[in-house]
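To start, the structure itself, in structure tokens.
A, B, C and D label the chains in the order they appear, each numbered from 1.
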Amino acid sequence: MSERKTGRERGEEWWQTGIIEMSPGIIRLRGYEIQELIGRVSFPATIWLMLRGELPSEEQAALLGIALGAAVDHGPQAPSIAIARMAITCGVGINSAMASAVNVLGDVHGGAGEQALSFYGDIAVALEGVALDQAVAARLDRFFAEEKGYVPGFGHRFHPVDPRAPRLIAVTREFAARGVVSGRFADIAEAVESEVARRKGKKIPLNIDGATAVIYGELGFPPPLTRGLFVLSRSVGILAHAWEQSQQSERNKGPLPREWLWAYTGTPLRPFPAEGDEGPAEGDEGK
Amino acid sequence: MSERKTGRERGEEWWQTGIIEMSPGIIRLRGYEIQELIGRVSFPATIWLMLRGELPSEEQAALLGIALGAAVDHGPQAPSIAIARMAITCGVGINSAMASAVNVLGDVHGGAGEQALSFYGDIAVALEGVALDQAVAARLDRFFAEEKGYVPGFGHRFHPVDPRAPRLIAVTREFAARGVVSGRFADIAEAVESEVARRKGKKIPLNIDGATAVIYGELGFPPPLTRGLFVLSRSVGILAHAWEQSQQSERNKGPLPREWLWAYTGTPLRPFPAEGDEGPAEGDEGK
Amino acid sequence: MSERKTGRERGEEWWQTGIIEMSPGIIRLRGYEIQELIGRVSFPATIWLMLRGELPSEEQAALLGIALGAAVDHGPQAPSIAIARMAITCGVGINSAMASAVNVLGDVHGGAGEQALSFYGDIAVALEGVALDQAVAARLDRFFAEEKGYVPGFGHRFHPVDPRAPRLIAVTREFAARGVVSGRFADIAEAVESEVARRKGKKIPLNIDGATAVIYGELGFPPPLTRGLFVLSRSVGILAHAWEQSQQSERNKGPLPREWLWAYTGTPLRPFPAEGDEGPAEGDEGK
Amino acid sequence: MSERKTGRERGEEWWQTGIIEMSPGIIRLRGYEIQELIGRVSFPATIWLMLRGELPSEEQAALLGIALGAAVDHGPQAPSIAIARMAITCGVGINSAMASAVNVLGDVHGGAGEQALSFYGDIAVALEGVALDQAVAARLDRFFAEEKGYVPGFGHRFHPVDPRAPRLIAVTREFAARGVVSGRFADIAEAVESEVARRKGKKIPLNIDGATAVIYGELGFPPPLTRGLFVLSRSVGILAHAWEQSQQSERNKGPLPREWLWAYTGTPLRPFPAEGDEGPAEGDEGK
């Protein structure tokens, strides 16, 4: 393996990648000279090329851009947005304010899209053998037996109907009508929504995570990668809020108005133990 | 100020923003219903709307997207890219790998574009009274008197000519010819490049930071905000590399091949001081 | 719930905590005036008080400090350390270099201690009914049936014997002899090590994660909290390396020597598709 | 430089450090075998050894630990603390919650201690030639001529008197009386406080940053490194709050009570521009 290889070759192999090739004066992304891409490829198409390795059609790129644009912001009550705004008042660069914010787009604050796409994907795989309504029913049976809470991609704590979802599905149908995508994931999502409504006795509508998952599924993105797409999308709102906050004069912005405090719920004032009181306040060998 | 205001009003005022308005079932970005934006506005146009508060023309959005796409990656020897790749092998989410990476796009690894645009801006302001060559000469005089190193936006440690820059200027000229932008910042950048070459006796070519700064200047973005635009751009390469790495089996990836160590340059092996040897190994009261 | 409560009360309740109480001129940690703690309580005892809510004995605090000090560093081939060193060369503050590094102490680069303590804890619970060797055997049976790889807390990719572990166990035994801790977790760890050796035919020694887990278990820290203790510990090495690097002149430090590149393994040079070549390079509607 | 050197040597030299030496079975910190340090050296002494390269006396380590323990927390209205609490509710690891928080200990939220120590250091240097009151007066003259706001290390937005500062100075005096430190920085801080009071007509008391800066100065830490010491200290409060929050059931915790929103101050509802309305809503070529 490293017999005839020089140390430099071993080191350079350690950092191998199939994404970008460089030498002095030359930058190639996925085999294309970068100067041939500039001005010919949209930003969403560049994102696709970097992540997938091949150029999409203009229509595929447009649909990707539509999904990315839909999830950019949900306001300062979203932890990622609040964190960006507080961070920029602390004397750190805008990249660091963005980093602290992006860092919290975790399983609870950003994972639903990935879970929704996995859910649809399970159904899509089953479609190879059964009809859609059967595949949906089977997957929902499994979900309700094993998990609790909303089916991923459905319901919203704030919106009775998430205003972004119906429009995203309508746009997906338009692209399907033009043959850009098949419409299969839109069918799956709508079938899940119907079946859940039938079982629960009320509609639990598709939300932004479920709707963007439809588009990412139509476009062939694997579920874990959609977590990263959500990060690219939400980074826009994070930047916008950090930027707006940076133009104001607040310093060290906390979560509540400056003249407020917080409620203290802990041990009341007590004296520091006197000498000889040295044992652990807790049980034996600490516990 | 807070006389007749309820506590809730005071709290909600503490988190005021002009970017997004929400109520159940309603999301508006900069005054537009989000469902009216979806499918009608490209991702770069959405970015523009979020940051600037108004919709750009399709041409302006396209030019913004071109600049964003040009700076997405510079390979695993860029610290941001290497950090993303190492981070994803440590058992953290892809958002956290991206955050650790974006966090280092600081003054040295991401600040040049902002400095270049400020530099051009100084010249643009002076153009109100003097000719371009005079404004350029005056600004360069000041730079060479006060600072050292390359004029921001020019030169590159790796590329004799950065392959992205000439193409970005050419694209800018095309958009200027169509009246989308004025071409003034392209003129400024080219005049600076010429004058520096005249003074130094050799060409120090425009680089990616200087070229994207031209576009951001043409489009009216203030210099500090372009730092955030670079973050959005580089986030794409960061995601691509984190994703590629995540599909491999390495765990806890360090910077060098696993069988290598590092060179130790410190104090040689020494015995722990015996009892009575208790004084500080350093001078008096520590220094 | 919020009937008679003012908005301010509701807001302050939203940020309630039992850790710290403040009013102008007053700071109390867990009920103690801070000025009574300063100078009377060691740093490890302060850490204990903040996390556990009660003061430890001096001996308990000392043992905590010993565990914290043992895991501070493992050199620049640890991703957290390399990231700290690269980050500080990028023009960000030392706190941001530390943040990017601490951020990767995830399940793979920092989770082993928590898993080891959970493992011991399973055995400790079983001890209420069976002898130690039976509890150990049962837990190992379950582990080898359900998982692969090393038993958490044992083995090391680099060290045949982790030099930190035997010393940490010896110190634990000293504290047990003085009645500060029971020694039960040390017994468990040693029994696991013996039984694994018996089953595998060779010793797979206790490592730093398993050894610090013994101490944290003896001191009564719950497993998930020990992940945070590891962060406090490793933050010291992270700071030391960032500081050392900051005193050198490198800028934008990548993972390999500056004159090296990386191996490119991707698509070879190819021409940008001509007009009319517009379809997706991938299958149908994207795949 | 790299003529006779192998690639491996070049790579290992790229990651050289004087902090830690390792080979299989061996870990040495600053020349000491780690197993000789464990159990003999307190956690603050380990921190000192890692940062300074030499072992401190037990007294020096104790004073360092006192300073580190004093600044661990300032409650949920500190952005770092609020961020830690929100982050842990987003489904990320406790290390990531800590990272997002530590990341904002920047110039405004953590830089005052470094500035205070630099200020004292300027005076300390001048003491080589003039009396203390002259050196203090000169430095204050410069400060009031060039800057605005509080002298670094003095004043507090919340506390009329920061309860931590007098106690830290008293402890410093105790250590000076025992000959562990000189007391010179305590003298400087007290002289600055007096002279500022004389000039302003009211006392602006020493705060936590100014008081810990006294101790770090007495112990010989350079100002930029004290920023990192503050990070180690505040990491304790950050962990305590993240841990406390993690034991509660909130998910995606925002800054305000869940039933509140934020005040919208932006453009009122407006219709999406009709076809033909396509021009930029802003001035000409973007502004």
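Note that in this section a contact is a pair of C-beta atoms (placed from the backbone, for glycine too) under 8 Å apart; a residue touches a chain by one contact, two chains touch by 3 or more.
Computed from a predicted model, the values in this text were never measured in an experiment.
As for how the two copies chain C and chain D face one another, over half of their interface residue numbers coincide. Two chain pairs are in question, A-C and B-C; the one with more C-beta pairs in contact is A-C.
In whole angstrom, the spacing between the mean C-alpha positions of chain C and chain D is 22.
Work out the mean CA point of chain A and of chain C, and you get 26 Å between them. Each chain gets a centre from the mean of its Cα atoms; for chain B and chain C, those two points are 32 Å apart.
Counting partner chains per residue, chain A shows two or more touched chains at residues 8-11, 13-15, 17-20, 22, 33, 37, 75-77, 82, 92-93, 95-96, 99-100, 103-107, 110, 255-257, 260-262.
With chains as nodes and touching pairs as edges, the resulting graph is complete, every pair of chains being joined. Interface of chain C with chain D (complex): residues 10-11, 13-15, 17-20, 22, 24-27, 29, 33-35, 37-39, 41-47, 50-51, 62, 64-66, 68-70, 72-77, 82, 85, 93-96, 98-100, 102-107, 110, 158-161, 163-164, 166-168, 170-171, 174, 224-225, 227-229, 231-232, 235-237, 239-244, 246, 256-257, 259-260. Listed in rising order, the residues of chain C touching chain B in the complex are 6-11, 75-80, 82-83, 86-87, 89-92, 96-97, 99-101, 103-111, 251-256, 258, 260-262. Here chain C touches chain A in the complex through residues 8-9, 11-23, 28, 30-33, 36-37, 40, 52-58, 60, 92-93, 95-96, 99-100, 103, 179-182, 218-220, 255-257, 260-273, 278-282, 284-287, going by the rule given at the top.
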